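Each chain gets a letter, A, B and C, in the order it is written, and its residues are counted from 1.
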Amino acid sequence: MDQAAPFKKRKGIHGALTLVVIAVALYWGLVVAPPDGYQGEVQRIMYLHLPSILTAYLSYFLVFIGSGMYLWKREKRDDLLAHAAAELGVLFTALTIVEGSIWGRPTWGVWWTWDARLTLTAILLLIYTGYLMLRSLIEDESRAASAAAVLGIIGFLDIPLIHMSVYWWRTLHQPPSILRPDKAPWDNVDPSMLIALTISFAGFLLLYFYLLALRYRVGEMRETIKMRRLEGDA
Amino acid sequence: MGLLKQTSLLLWKDLLLELRRRDSLLTMFFFGALLLFVFQFAFDLAPDKVADMAPGLLWLAFLFTGTLGLAQLFQAERENHCLDALLMSPLEPGALFLAKTTFNVILMLLVELVVMPLFWILFNLSAWNLLPQLFLVTLLGTVGFCVLGTILSAITLKARARELLLPLVLFPLMIPVLLATIRCMENVLRTGAVGDAWPWLRLLLGFDVIFLTLGILIFDWVIES
Amino acid sequence: MRLTVTQLAKAYGFLWALRDVSLDLPPGEFVALLGPNGAGKTTLLKLLAGLITATTGSIQFDGVAVSGDNPQARQRIGFLAPADHLYENLTVRENLQFFTTLYDRHVDPGALDAALDAVNLGRRADEYTGNLSSGMKCRLSIAKWQLLRPGLLLLDEPYGVLDGEGVDLLERFLQSHCAEGHIVIMASHHVSRALKQCSRALILHQGRLSFDEAKRQPWPSFAKAFSEFLPHGESWVS
C-alpha cells in the first residue's frame, strides 16, 4: 500500500496535533479560565458548545460547495466531500444539541426549551438527517448523488430564511428589522475565557478536518473497490 | 417556442388528464375534509379557542393534502416512459418545473377553497368577511410549498419509501413558509388586516421568489430519466 | 443535414461506457447499430438524443451542437419507441396534438387526420390511447413521427413489441423517411432485418467502434467483423 503511506504520515501528524490542541483547550477551559460571574461552572460547556455549532455551520457550507461543484462538474470527489461533510455536520449538530441541553438543565431547569437557538439547531439536524436518508434510499449511485446535491443547495439557501423566521417567532411582538441573535456579549468578558474559547475553536477545527479527511478517504476507497470489482468482471 | 408557451402546453395536458381521472383532486379533497373531523376529536376546540388555532390547524391539513398531490405529481410521466419523451424533446426543463408547480398550486387552491369554508362551518366561526384576505395569504404559502415540493418530488422519483421520504425532507425546509403564513393569518383574524405582520409577508414573498428562480435554473439537473 | 460525431466518450464514475467514437453520416443514411449487450449502443443513442451529456467529444447535427443542456438542438431529433412515449389518458388525436405542439410543428387538423388514416387509426382518433392494443400504439407512434419529421430518427431495439404487420409498417416508414433525406440510426439484435434495410453498419464492442462501413453486396468484411461476436464455431451468413 505504497500510495497510502504519505497519507498515513500526514494523518499521524494531524492527529497528534489535534490531540495536543484539544488537551490544551480542555485544560484552559476547565482549569485556567475563571468561572462565569452569573452562571458559575456550568458556563464552561460553552467552550465546547460554541465551537460545535460553528463547526456544524462550516460543515453545511462545505456541503453546499460540494453540491454546487458536483452539479457543475460532475466529479465524484465533490460528491464525496458533500457526503462526508453532511455526516460530520449531523454529528456536530447532534453534539451541539446535547451540550446545549446539558447546559440548559441547571440554567433553566429544563432539558429542552423552544428558544430560537435550540429550535434552529434542531431544524438543521432534521434537514441534514433528511439529506443522509435521501442518499441511502436512492439505489442508483449517480442519481443519489445528483438528488443529494440539489438538496444540499436548497438546504443551505434555506438556512438564512429559517434563521429569520425562527428568531422573529421567538421575539414575541415586532419582528426586528435586523437579524440579531440573542446575547453573546463580547465586551466585558475575561480575556482568559476568550483565550479558552479560541484554543477550543482551533482544536475543534483541527478535529473536524481530521475526521473529514478520514471520512473522505473511506468514500474514496469505496469507489476504488467498486471500480476494481467492475473491471474484474469485464 | 418560449418558456411560457411550453409551460402552458404542459399545464393544459396535466389539467386535462386530471379532469378525466380526478385521482389527485378527489383524494386530496377527501383527506382534507377528513382531517378537519379528526381535529375535532384530537383537540379540545372550544369556541373561544378555535379562532386562534384555525390557521395552524388549516395548515396542518394543507401540508398533508399537499403532500398527497406532490406524490402523484409525475404520475402521468411514469407510464410509458413519457418522462423520457419529454426529456428528449425540445422542452426546457424550467418549463416542466413551472408547469408542475402551477398544476399543484391549482390543485391545492381548489382544495383550500373548499376546506377553509368547511372549517368555518364545522367550527362555527363567524369572521366570513376575512376569508378573502386569509385566502390570499394562504395562496402565497401554497406557492412556497409547491415550489419546493415540486423540486423534491422530482429528485425523489426513484427513491424507496418515497411517500415517507418526501415529507421528511420537505417539512423542515418549509418551516419559514409555515411560520410566516400562520403568523399573517393570525394577525388577520385578530385585527382584520395583515398590519404589523407585514415583515412576515415579505419573508414569504422572498421565499417564493428565491426558490422559484432556483427551480427554473436548476431543474435541468434535478430531472433525469 | 449531416450528423458529425467527434471523439465521443462517456464515463459513468470511473467506468467508460463509450470511448473514442467518431462518425460522419450524410443525409439519407440508414444505419444499423449492432453489437453485443453492454457494448454501449443504448448509451450512444441516448447521447445522440440529447438525453445525456458526453464526458468528452462532441455531436453536431445540422450545424447545431447536441448535448444534455441544449433543448433547442432536440428540435429535429426523434426517438421512436414503438408502444411507448404516449399518454394513456389522452386520446389518439390529443397525443398527436400534444407532441406536434411540443416540437413546434404546427399541424392543421386535416393533416392530423390524414396521418391517422395512413396508419389505419382514423376511426379511433377519439379513443383513449390506453384502450389501444400495443400494435395500434405502435402505429400511433409511427403516425406521430411521420408528422414530426425529424432529421435524425433513433430507434433502440424496436422489433421486440411489433407483430408482423407492425414490422412491415415500421420498415416502410423508415425507408420512406430516409428517402426524404433524413438519417435513421437503429440499434437491433435482429441482424438480418437490420442489414436488409440499412445503407451502413456500425459495430460497437466494449464502448468502441470496431466496424463502420457502407453496405455492399457481397460484404465479406462485415461477415468477418461480426463473426467475432458469435459463439465459437458459428459463422455469419447473410
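Definition applied: a residue touches a chain if its C-beta (ideal position, glycine included) is under 8 Å from a C-beta of that chain, and two chains touch if they have at least 3 such contacts.
All values derive from a computational prediction rather than experimental measurement.
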Q.
Per the definition at the top, count C-beta pairs in contact and tell me whether A-B or A-C has more.
A. A-B
Q. Most remote chain relative to subunit A, going by C-alpha centroids?
A. C
Q. Which chain has its C-alpha centre closest to the mean of all protein C-alpha atoms shown?
A. B
Q.
What's the distance between the Cα centroids of subunit B and subunit C, rounded to whole Å?
A. 40
Q: For subunit A and subunit B, let me know how many angstrom lie between their CA-based centres, rounded off.
A: 32
Q: Indicate the whole-number Å distance between the mean C-alpha point of subunit A and the mean C-alpha point of subunit C.
A: 50
**Q.** Touching residues on subunit A, where the partner in the complex is subunit C
**A.** 76, 141-142, 223, 226-227, 230, 234
Q: Would you pull the subunit C residues touching subunit A in the complex into a rising list?
A: 12-15, 206
Q) In their complex, what parts of subunit B are in touch with subunit A? A) 148, 151-152, 155-156, 158-162, 165, 168-169, 171-173, 175-176, 179-180, 183, 196, 199-200, 203, 206-207, 210-211, 214, 218, 221-222, 224
Q. Hey, which residues of subunit C end up touching subunit B in the complex?
A. 49-51, 68-69, 71-75, 77-79, 81, 83-90, 94, 98-99, 101-104
Q) Inside the complex, what are the residues of subunit A that reach subunit B? A) 71, 123, 126-127, 130-131, 133-134, 137-140, 143, 146-147, 149-151, 153-155, 157-158, 161-162, 164-166, 168-169, 174-175, 177
